[in-house]
Amino acid sequence: MEKLIITVATTGAVTTRDNSPYLPITPEEIANEVFDSYNAGASIAHIHVRDEKGNPSMDFEKFQETVERIKDKCDIIINLTSSGGLNLEEEERLKVCELAPEFASLDAGSMNFGPSVFINSPPFLEKLSNNMNEYNVKPEIEVFDTGMINNALMLAKKGLIKPPFHFQFVLGVPGGMTATPKNLIHLVDSIPSGSTWSVIGIGKHQLAMNTLGIVLGGHVRVGMEDNVFYKKDELAKTNAQFVERIVRISGELGREVADVNETRKILGLNHVGVVK
Amino acid sequence: MEKLIITVATTGAVTTRDNSPYLPITPEEIANEVFDSYNAGASIAHIHVRDEKGNPSMDFEKFQETVERIKDKCDIIINLTSSGGLNLEEEERLKVCELAPEFASLDAGSMNFGPSVFINSPPFLEKLSNNMNEYNVKPEIEVFDTGMINNALMLAKKGLIKPPFHFQFVLGVPGGMTATPKNLIHLVDSIPSGSTWSVIGIGKHQLAMNTLGIVLGGHVRVGMEDNVFYKKDELAKTNAQFVERIVRISGELGREVADVNETRKILGLNHVGVVK
Amino acid sequence: MEKLIITVATTGAVTTRDNSPYLPITPEEIANEVFDSYNAGASIAHIHVRDEKGNPSMDFEKFQETVERIKDKCDIIINLTSSGGLNLEEEERLKVCELAPEFASLDAGSMNFGPSVFINSPPFLEKLSNNMNEYNVKPEIEVFDTGMINNALMLAKKGLIKPPFHFQFVLGVPGGMTATPKNLIHLVDSIPSGSTWSVIGIGKHQLAMNTLGIVLGGHVRVGMEDNVFYKKDELAKTNAQFVERIVRISGELGREVADVNETRKILGLNHVGVVK
Amino acid sequence: MEKLIITVATTGAVTTRDNSPYLPITPEEIANEVFDSYNAGASIAHIHVRDEKGNPSMDFEKFQETVERIKDKCDIIINLTSSGGLNLEEEERLKVCELAPEFASLDAGSMNFGPSVFINSPPFLEKLSNNMNEYNVKPEIEVFDTGMINNALMLAKKGLIKPPFHFQFVLGVPGGMTATPKNLIHLVDSIPSGSTWSVIGIGKHQLAMNTLGIVLGGHVRVGMEDNVFYKKDELAKTNAQFVERIVRISGELGREVADVNETRKILGLNHVGVVK
């Protein structure tokens, strides 16, 4: 079995300081958490930024600063969000590609999301794919339900994204597919052969879904974007704690963890390393 | 196995006269098509209306006229759309409940839909459920992907909809779950026991999905809302043609077709017959 | 979708005249039933013979006579059983290959079978595969449960059978996999891509499983070997009745029926009907 | 989630000293290994015995001595094999019930097993069930493929075994269901609700299947009966090593391990350890 790719998502758009006082928010805090996670075994950092009030943001300079701070510390692979949150401007969401990260999320459809609606319309997905191509960014296809796999394949049919695809399955968002092992296997069975995939379980489902990712030959994402509890009623104090646990579990299961170069190879990242 | 419930959806919101010159559009045309379908074996009519230009509409008086014309002809069970189309006013969508049909669709979430986005936000779904309760309308829970089952269960947890639930699985919309037998079985496996369900296959998938519905013990919907071709390259001339074929197939498979009273019993419609 | 291959299995080893007075038993009766089924649309005849008392038998001359009588009437593809029944001599079971039919069953494992045990040991399966190779017989891999697919793949690994494989799924034998749509799909998902498959439902499951075979792109087997009832409480009077119904259903579903030459092409039967 | 039941199967019938020099064979060796496993967290010991030459055996006195030696050391729950190996006498297999263990395996059908055939005919299963009832032994229903679940349900229909059932899924025996996550989930989906289950993966599949058992809410069996390698190319030196690893993994996953009394409660073992 391929080595395991661990992505850390330290911050996200939904988690707040009310959820956890340990949530990193500023570029400096995020860079520190990413660096600790890197040292623990993460090879990809999925990055969101926040504005001065801590609200979800697609602020270009915040991204720039955050990425620079990370790059100063380590060579972890940068994966930038292209959603930022639920209701951000399409213009700004598209602009993030100009930072030319190796990797960026592409949320492959629309859905109810908690009490709100997460909109990624077909024309927006086409524009985003085009932008990613222009800046040589590999899309991480985020899939919250089965139809989004097909949405990605429709983009592929138009030549807008190219195989081999990398899918990030996000299970357990209210509005999306529930986080059950059977659902995960159904998704894995539904992607084109030759694809790679990773899995996120929201909240209390994080650990079970991650463990299935390890066992099934997929990859995993951990971090406070998805879950703030290390265990029942106990908040994680750092994002690295989550990474460390995955490293231990993967070790017990005899699956080695990929470093950044191995991750690049597995995902076919052509690392022009252009993040400006 | 329970008798088979056949719903006819003569018109819908997406199909146009360009797709098929046989599409019924006016209340009179719709009522005629419904009546023929009733005579062929349909026990439920799922109704959309169009404005004077043939565009999707939630015009209250059109609904009223259509329902009256149908009621004049036969006692088929009326199922009114509560979406009308993709971008109609929530206000108007909610108002349709005031016609107090026995049954109305409730699209249990948001999704990309063809080139557009079909929005049914969580607050809207709560309002719609409340309205249905007020007018004693049973919701037909339309499910386009797995997460929508969970959306319905979240409404149920809040007491807004009540078991036994009836699910209408809609497979093959670009943006939703693809129309494969495995996907259908995955959905059927995912609903609470005691639920009833029906299945729609969009376009060329109509017949296969319907046949699976018959074999698996579900129910079926046919009609020009979902598909205009009777067979490859041959347009259906009437909605009743689709019903007749289902009746023949169900007959070959030894499953009897439910009349309106049997359908009411299977679905637990308390038929206050209130459609004004 | 490929054209549909219909196999008729007129007699089998388990069905008795007590089960149905219409069961063909003598070579002459069998040949007549096969011919009628051929005229109705069957392109393969799966053949068992009986001894003078009507008991299951692997009598070489009975096979010879039956095949000759069929060949006199039509060019249907001959598929000979290599089991004959539950407890017949391995020697005799192997010998049937000497008749060099185009096709013969290979029961890919052991299992409880009704009140008895059906034994096909690994060494026997190797000998049988060797014999089939020697006489240029294509194996129809009969699969009664999931492990038998793997048994076939183990034979393939040893070079004893060669892809593309043809699987015959037999669902509903007490002791084997139960006849549910989900089980059938699980099997279909478990075979190597490039394989062809057909499905048998035992007893009351025959029609539902056959219909799924048509819808899912597989092929079907009908006949009194598997089921004697045409519908609830009504015996089939002929094997051809079953074939006729499949032809009608397949017609409704828009899937054409394969004639013998089309069947040879689909299955890669390379062998010119050399049954001596 | 229920606490995790760990069964240790130290010896089995197939593993030899050639496979591993650490295999316990004599009653004394087995008792020692069981005791160490108990201390590590196992609450059930699945017991086979061997004859003087180390061959599989159903020798009554060996069972007696082994059980006594274990009972002298600890209160682990005793689960005796009722197969002993592949070709042992039915008489002797049935007699083991007279030791009145709380628990004993019941292999719910026949199958190819490696190069041989493992026979558990329907009449034998009925006799064995009767014997278990007579001695108040709870059956551990061993399932090697899907049909065996149905075999158990047929015994239940005759009143020979009673719910709630406990299934032991054995995946990866050549001849049985292969050890894939999807297969395991298919089995779990196929048992009556209210049942408990545990899972065994043969050879290199042990650890992955066990981990799935933990995640899916089932239980697990480890030990040299099923697998001798602790990791690739490294033999386990003790059975306890396997138990210790499961305890660590289960700890990481936040699932507690059941002690013997908790295990009795989960399985409904009503029977006071009467092994004579």
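Order of writing sets the chain letters: A, B, C and D. Residues in each chain are counted from 1.
Methods note: a contact is a pair of C-beta atoms (placed from the backbone, for glycine too) under 8 Å apart; a residue touches a chain by one contact, two chains touch by 3 or more.
Chain identities (UniProt): A, B, C, D = 3-keto-5-aminohexanoate cleavage enzyme.
Predicted model, so just to flag it, every value in this text is computed and none were measured.
**Q** When every step has to jump to a touching chain, what is the lowest number of steps that links chain B to chain D?
**A** 2
**Q** So, comparing C-alpha centroids, which chain is the farthest one from chain B?
**A** D
**Q** Do chain C and chain D, two copies of one chain sequence, contact each other through the same residue numbers, with over half in common, or through different ones?
**A** Because over half of the interface numbers appear in both copies, chain D and chain C meet with the same residues.
**Q** In angstrom, rounded to a whole number, how far apart do the mean CA points of chain A and chain D lie?
**A** 41
**Q** Please report how many Å separate the Cα centroid of chain C from that of chain D, as a whole number.
**A** 37
**Q** Measuring centre to centre with CA averages, how many angstrom lie between chain A and chain C?
**A** The separation of the two C-alpha centroids amounts to 51 Å.
**Q** Residue numbers in chain A touching 2 or more other chains?
**A** Those would be 182, 189.
**Q** What graph shape do the protein chains here make by touch: line, ring, star, complete or other?
**A** It is a ring, because the chains touch in a row that closes back on itself.
**Q** Go ahead and list every pair of chains that touch.
**A** Final set of chain pairs in contact is A-B, A-D, B-C, C-D.
**Q** Quick one: which bits of chain A touch chain B in the complex? Just the residue numbers, please.
**A** 109-112, 114-123, 144-147, 150-151, 154, 173-178, 182-183, 186, 189
**Q** If we count contacts the way the header does, which residues on chain A are in touch with chain D in the complex?
**A** My answer: residues 181-182, 185, 189, 207-208, 211-212, 215-216, 231-232, 245, 248-249, 252-254.
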